[in-house]
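For reference, the structures are reproduced in the following blocks.
Each of the two complexes below includes chain A, the first together with chain B, the second together with chain C.
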Partner chain A sequence: TLTLRTQRHSTTLTKMAGADGDDSLYPIAVLIDELRNEDVQLRLNSIKKLSTIALALGVERTRTELLPFLTDTIYDEDEVLLALAEQLGNFTMLVGGPEYVHCLLPPLESLATVEETVVRDKAVESLRKISQEHSPVDLEVHFEPLVKRLASGDWFTSRTSACGLFSVCYPRVSSTVKAEIRQHFRTLCSDDTPMVRRAAASKLGEFAKVLELDYVKSDIISLFTALASDEQDSVRLLAVEACVSIATLLPQEDLETLVMPTLRQAAEDKSWRVRYMVADKFSELQKAVGPEITKNDLVPAFQNLLKDCEAEVRAAAANKVKEFCENLPEDNREQIIMTHILPCVKELVSDTNQHVKSALASVIMGLSTILGKDNTIEHLLPLFLAQLKDECPEVRLNIISNLDCVNEVIGIRQLSQSLLPAIVELAEDAKWRVRLAIIEYMPLLAGQLGVEFFDEKLNTLCMAWLIDHVYAIREAATCNLMKLVEKFGADWAQNTIVPKVLGMANDPNYLHRMTTLFCINALSDVCGRDITTKQMLPVVLKMSEDQVANVRFNVAKSLQKIGPVLEKITLQNQVKPVLDKLATDKDMDVKYFAHEALSGECLPYEYS
Partner chain B sequence: MAAKDGSKMSAAAIAAEKVDGFTRKSVRKAQQRQRRSLSSSQGSSQFRTHGAVPVDLSLSPLPQLMPECVNQQELFTQKLQQCCVLFDFFDSVTDLKSKEVKRATLNELVDYVSTNRGVLVEAAYPDITNMIITNIFRTLPPSDNPDFDPEEDEPTLEASWPHMQLVYEFLLRFLENPDFQPSIAKRYIDQRFVLQLLELFDTEDPRERDFLKTILHRIYGKFLGLRAFIRKQINNIFLRFIYESEHFNGVAELLEILGSIINGFALPLKAEHKQFLMKVLLPLHTAKALVLFHAQLAYCIVQFLEKDPTLTEPVIRGLLKFWPKTCSQKEVMFLGEMEEILDVIEPTQFKKIQEPLFKQISKCVTNPHFQVAERALYLWNNEYILSLIEENIDKILPLMFGSLYRISKEHWNPTIVALVYNVLKTLMEMNGSLFDDLTASYKNDRQRCGTPSRLNNPYPHTLSS
Partner chain C sequence: MGRAWVGSETKDWSLPLRTGVLAGQPSPASDGRGHYVTEADVISTVEETESKGESEEAGDTGDSGEYNVYSTFQSHEPDFDYLKSLEIEEKINKIRWLPQQNASRFLLSTNDKTIKLWKVSERDKRPEGYNLKDEEGRIKDISTITSLQVPVLKPTDLMVEVRPRRVFSNGHTYHVNSISINSDGETYLSADDLRINMWHLGITDRSFNIVDIKPVNMEDLTEVITAAEFHPHHCHLFVYSSSKGTLRLCDMRASALCDKHAKLYEEPEDPGSRSFFSEIISSVSDVKFSHSGRYMLTRDYLTAKVWDLHMDKGPVETYQVHEYLRSKLCSLYENDCIFDKFECVWNSSDSVIMTGAYNSFFRMFDRETGRGVTLEAWRESSKPRAVLRTRRVYTGGKRRRGDVGVDSLDFTKKILHMAWHPAENIIAIAATNNLYIFQDRVNPDALAQ
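Our next item is the complex of A and B:
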């Protein structure tokens, strides 16, 4: 029989499973045994199957035996504790339903005080979850006292955990208890340790949402103001996040007096981290405070952020340019953009920091839909063109990847003259990731610029990538060709790319010869039976005599790949003899792939 | 088969990016650095006051300070106020003359407070601290290099260092002046001052951290009322570093200060100090960047154990709990720290932890990473540890024997095999009969399991002869 021993006291707690010699419980006995195995991995496996154990034990024994045992194992490795914290969140039915859900509180309470943040956070998550399953009475009798104990714990970990629990119990308790909860939250907002103040600040918005409006005005605002002027910038910046929720809750007429002084102060905080946060949350803030305040306050604040002395802040603000402009009140949107925002944007185009320019380049094209055709041509186009010539490849790439926005407004032709040198330069960039990125936009560009422009200017590039020295580029180039053929059709393929691809079959470099095969794999389907049979197949078959084994086994693979496109008779008369010959090759890999092809699923039965 | 490169890349580009497309991290980073414009790797947020209106920054030199003359106090104040003007050091062209005036003035002020007696009158304190606060307290700029690797990358240096260095020098001389009176200074050098000073420890500039270290140490020494506060704030910095941000440049410096503070703790140790050891110093071992401050951290731990040997057991159990699972470099550091601890351990304490400890060491000697195995085996070179092992050989030999015996046959690295032989020999000499028993039962076990199983061999690629 198996017994559970705890680390604290080794007295036999109970004979939990297998005690009656009941074989059906044997697997459970093993799981329980593994809960105290020396090997962490086994303990972990067992904890992950905790619900199975509980189910087998039944609700009563789970409550009276398993849970006390688990509460005692809280001194385990963090990994095990994390799994335990997660499991307990789903245990309500296993302890007998909502009536008994409070049994889960003691182990979760201990878990909510451990040092390791992930464990603690998971315990809080589970506590939040099961709080919903408590009846209002149980919430006051069992849950709320737990929150209070955590909130007045000695070590900062329990107090940080408490911060996340106020908002889930507040709405469902009596007004006396509510007052206590508010008091506890207030205390934690001015806690001695910045860790707790940060936790409180990060839950301020969430807590505000469940409070009655009067208390939002009386309690939350003063806490918000205090946290927003905390001595540590890590606390102040969290107040900015809360600002969004609080502003959403308050009626418009109160915003000016209750929220705006703090927000203005945050936008000009001496710490760049706080200003960064304001920039990062700008769209949310804008929506929360409404159009009037946006016009009077946020527009100048946004201008300042775009001109901030720290590049991080400018980049965060630049990221928001499009969203900010989009959400401006429509009646004088154009005027605000043209007189206030655009001048700043113009300066950012020649910013000294590449991250700022690149952030701007990722959104600037979006302005064209907002400003319309004429403004785009007159004011934005020069900026696009300047960014297309930027020294940093990421900036150029960001412009090119957003071309579709402009295309809708003014058509891409306006840009083509500048586009081309930019594309050519990116296509030859020393970083293969940049080359890879531009290849991915080729099909889009080809579609927008049209077949003539493409043949004339871009075709050469697409072919050059096929012999790039990085495999990832050659592979992407192959795939690119397939997409181009999908766009321009098989006739175009036959005249422009197929001859070039097949020409590479005679290249002295075996990697290039293999590229021919890879291209054929990709193209046979879109080019259709005719081209495949008449032009591609002969080349593939001839390559079966290549002196490099890698080429020969790729011939076998290619034949398997293009098989479904070919006619049965072709397979029988031309393909099979070649595969048969390859199947007797002296190289074992060639033999292997030839056999694979001969027995391949996609080949007709005549093959085998 | 080498693939011939047929691409049309320029020779330079190929050189920069090797055929496999991957460049070494250091090369890549050097290129990034070059590309981060030519502004050099200097940063500062000092002078860029938000929404600053252009002001006249020109300074004109004041007469020389002469301690014996009248009105020197007034001139001293004027000079201090003059030094509150901040300059843009990114712009190397403007204000050259005024920058030079400030530099000369600061130099003069440093001399003035370090060589003269009687110059620190009470009225000067506010101006002195104000000048210091204006010049050094600032929000540190964002790092130029978001994935700054202190081991490999050059730190971003403070651009305004030519002035800032002198201000730090001045602060130090001010604190060290024989006339310095903490009772007056505490009105200015208060909790807020200390908090801002501590935040500066995050600077990437090692020169600045070095000054900060000495200055904080002086403040800790002279201001008794601030000691508890300083310790608490350092706690908070460390806890944030461990559990929230994993980023703080000044951990090593702060630990160095703590090392000397711990030395002075009174016995019996206060609960606060023990909590600091168990809940802050031990978890610091989990940090990814442990290598940057491990020496200082181990020193602090050993200081604690020398103060109060009864802490040995919880400390060693704590280290075993945080023992690195995948990082060999850290494992070597842990073994080093363990040796430092064993060097000062009391035999009674040793008995309490020998079992879990030697289970871990036994795992370490079988580590396929030869540096870990080697570091663990080096413990046997330590005379004191050897004497502890000898005293407890009945307990330790059974824990170690299986691993050592197996490794002596199976480790891929010849140095390790040679070391293991020596260790086995030493152990055999300590208790020959136990050694023979263990050998016999080990061989028995293996025979019962049939031929040496491949499953037991941690190095399946080793060819056994």
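Our next item is the complex of A and C:
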């Protein structure tokens, strides 16, 4: 008999069906009926339990009744179709094993033609999966004809889906069928609609991998060249991606004649989107073509991309500076960087576009490990310092967030003179999101700069954020204090920040008084029982008499929060009386939170 | 060319064999409906799809002579922008069909702010058979259930379903005037008064601003964008027109931001004819690429112009749509008609252009001969299979019978919106609350020649 896991229904159903009738049928009947429920959530639920339904129906009825029904349900919502496409990929055993796996092709074929890309892609993914479960004979009798039907379908949706299926059947069919498959792929590469040509271009690399090397050289290269000079730049840019896989497949001596002309042409394409793609894939291309071609061709190409007239291209190339330099052949890496790359990098530091500058700032620090201490001090440091003074906050932030790379090579002291003004300026930036970003780097900076420097220069900033007029900043500032205590220890906290935090409890502004409570919530755990009991608790208890209700109910919340840190006796003698009093407060919110604290999960028995 | 129905032989334009008027009856209930009929039954936009033969939105009702509406749905609801305290009308400014990708059809519709993607699909089967209830919905006795039943699909009457697929919102601060689908099949542009955005059809939460003509100081504003369209074949080219009568062609290959145009098409102003109204009447209300991609057709208040992409010094052809109104500009300004936005369209072979006028008149021009004809879309004269009358506006000389005097033109009967079937000689003309579909009555003799 069946064991069911239909959580949604099992309880009600057993009650209803318990008297007589077949207990195991009822839940399945519900699942089947809900395949056509008006509520999409219920349909989705049923589709996700399709294996349960199939199991109950048995392999025969699944093949003859369930699958035909599912083949026609392509009217449904995307999320239902997506779930269906996924389920069918794991359905082989439920239709009777590999012998019958071809029964799954019709519903997946109709799913492979819907307009929604994610559904189509999922159907193709499932088709690829079940193709492996076809015997070589079934593959030729059932699967390959499906691929052909899709490839010659009326609508481009079916033809795009076909592109993803060639590579899975090719290795397992006879040489006559192989020739047909190559022909179909060739046809789709010159399809009328750019959508299909794009799909073919994006599967070109994958298809090349399963082809015999001779066909790669004869067929694939000519298709690659054609797609790379397509009239639509949306197609050409996808050929760049294929370039990576094709170059990996070919022997080194063929690259120059078969791939490089096309790659050179792409790097200088009239459309910035194609050049952008080259820049974006530069590291992969570099690895695929090897060190010699990199030295002779890619270095000048990279220089050009760094100087491109379109900012998007420069930004993409700037992003790759570190990776490109890292992967240069070690024997003359330093020389190439110093004479060819660094001059371009220097120009980018004062680029007119802030995205370019900030892309560079996010990787430039990484060059110091590659170039070593002397070069960093002489050539890179001036650039870092210039970027620390950049007008765009994002550039400065990116430099600050990557300080650890430089610290390893030259030590952060070299920078600290310029660092401080940059940090202070960001800390006081008019945009609160910028202030928020710099707060997040504070623990990292504190770790790099050390406790003395921090106490001397940065502590005041951290305390100032606690009284920022934006709540998100005050909240981040409390969290920051906690991380600093984790780094510097409870003793440091007791001497430097705890007194200041507790001092705010007497502030005339109730928002600042509440910040004290929020800080205590965050700090009690890291500061430990001693500091919490002796220094923080008295302040919290005293605040229970605050005239502002918001402060009082936050006292109740804080007491609940710090409870686990305190001793039972303290809870009993000091905390409970205060909470009892708050529980009779005239304000209903205060009452509510006091009761919450009294019945709080952490301390139910002490209080009750 | 030489097809009989162009030029003055337009008597060959007739209502299609089986059809008549679409969306004919004014009904108060259809206020603000999508598709064709919008804004209290004034049709605000028309677009024909690349269907096979028949017009897409109309179904055949046999001999009754009238089209039934294929499908009607509410595309946009009236909305309110709380930040700016502005009402957003539900009126649809444009609809555009997507290239067909499967048995369903897809269209984009836009009001002033929000663009939506719709799926129109047909369904002729419905599932039947429940386990736990009968077809009337009565719950069955549980103890009678001894076997499982899988639903079966049975044929039913054809149903047309329209479903919203995506909503592209928050992309525009000003009023959207155009949407255009790119030939790459995955992106489209939307233009408002000052900006043009590019969207991916599958991505709703992000769009790229490609043109921004908003000056730093709004006091310096001298022109606005009036229409924009992608090139039919080159996915990197698009054109936009301005209220100053210029066209700017932009190449997206050159740069991610297209604030700098690749080419500017402008007609040198004739200093002699300058008047108070010069700037208003030179504002371009519509721009359309020819199917070949070589020409652009624009419409301003008094003329339709054809521009060659290779020639930026002026239009290669200029057609007077209703020159006789030049002396009436003052009163047309007073009743706001001078701001009417007429659309213009190409026929499938780019040999004929068509655009709208007043008094339910619309005009067609044969580009080869340069001859124009005035036709009338009017219910009384539009019996099924009836051949359309040519009309003439009397502007002097010998007055013929049936001529209409300029002073008796009805300026409330405007023909602003129209569409020409992409492959066949079927046109759709929107005249306030009526949509007329006319078909070229193929003249066997003409074909034989």
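Operating definition for what follows: the second predicted complex is superposed on the first by the 565 of 608 C-alpha atoms of A that agree within 3 Å, B and C clash if a C-alpha of one lies under 4 Å from a C-alpha of the other, contacts with A are read in each partner's own complex, and residues count from 1 in each chain.
The rule we apply is simple: a contact is a pair of C-beta atoms (placed from the backbone, for glycine too) under 8 Å apart; a residue touches a chain by one contact, two chains touch by 3 or more.
It should be emphasised that the depicted structure is a prediction, and the values quoted were computed from it without experimental measurement.
Aligning the two structures on chain A places chain B and chain C in clashing positions. By the document's definition of touching, of the two partners only chain C reaches A:61; chain B does not. In the superposed pair of complexes, A:492 makes contact with neither chain B nor chain C. By the touch criterion defined above, A:155 lies against chain B and chain C together after alignment on the C-alpha atoms of chain A. In the superposition on chain A, A:592 makes contact with neither chain B nor chain C.
By the touch criterion stated above, A:453 is placed in contact with neither chain B nor chain C. Judged by the touch definition given at the top, the superposed model places A:215 against neither chain B nor chain C. When the shared chain is aligned, chain B and chain C each come close enough to touch A:195. In the superposition on chain A, contact is made by A:270 with both chain B and chain C.
Shared-chain residue A:33: touches chain C; no touch with chain B.
Comparing the two complexes, residues 115, 117, 155-156, 193-195, 198, 231, 233-234, 270-273, 309-312 of chain A contact chain B in one case and chain C in the other. On the side of chain B, the complex with chain A involves touching residues 1, 3-9, 13-14, 16-17, 19, 21, 35-37, 39, 45, 48, 50-51, 139, 141-142, 192, 195, 232, 236, 239-240, 243-244, 279, 283, 321. Within the complex, the chain A residues that touch chain C are 16-17, 19-22, 25-26, 28-30, 32-33, 35-36, 56-57, 61, 65-66, 68-69, 72, 75, 113-115, 117, 155-158, 193-195, 198, 231-234, 270-273, 309-312. On chain A, the positions that touch chain B within their shared complex are 77, 115-117, 155-156, 192-195, 198, 231, 233-234, 268, 270-273, 304, 308-312, 352, 354, 392, 428, 430-432, 464, 467-470, 472, 507-512, 548, 550. For chain C in complex with chain A, the touching residues are 99-104, 106, 119, 121, 123, 125, 127, 130-133, 142-153, 161, 165, 183-186, 202, 233-236, 252-256.
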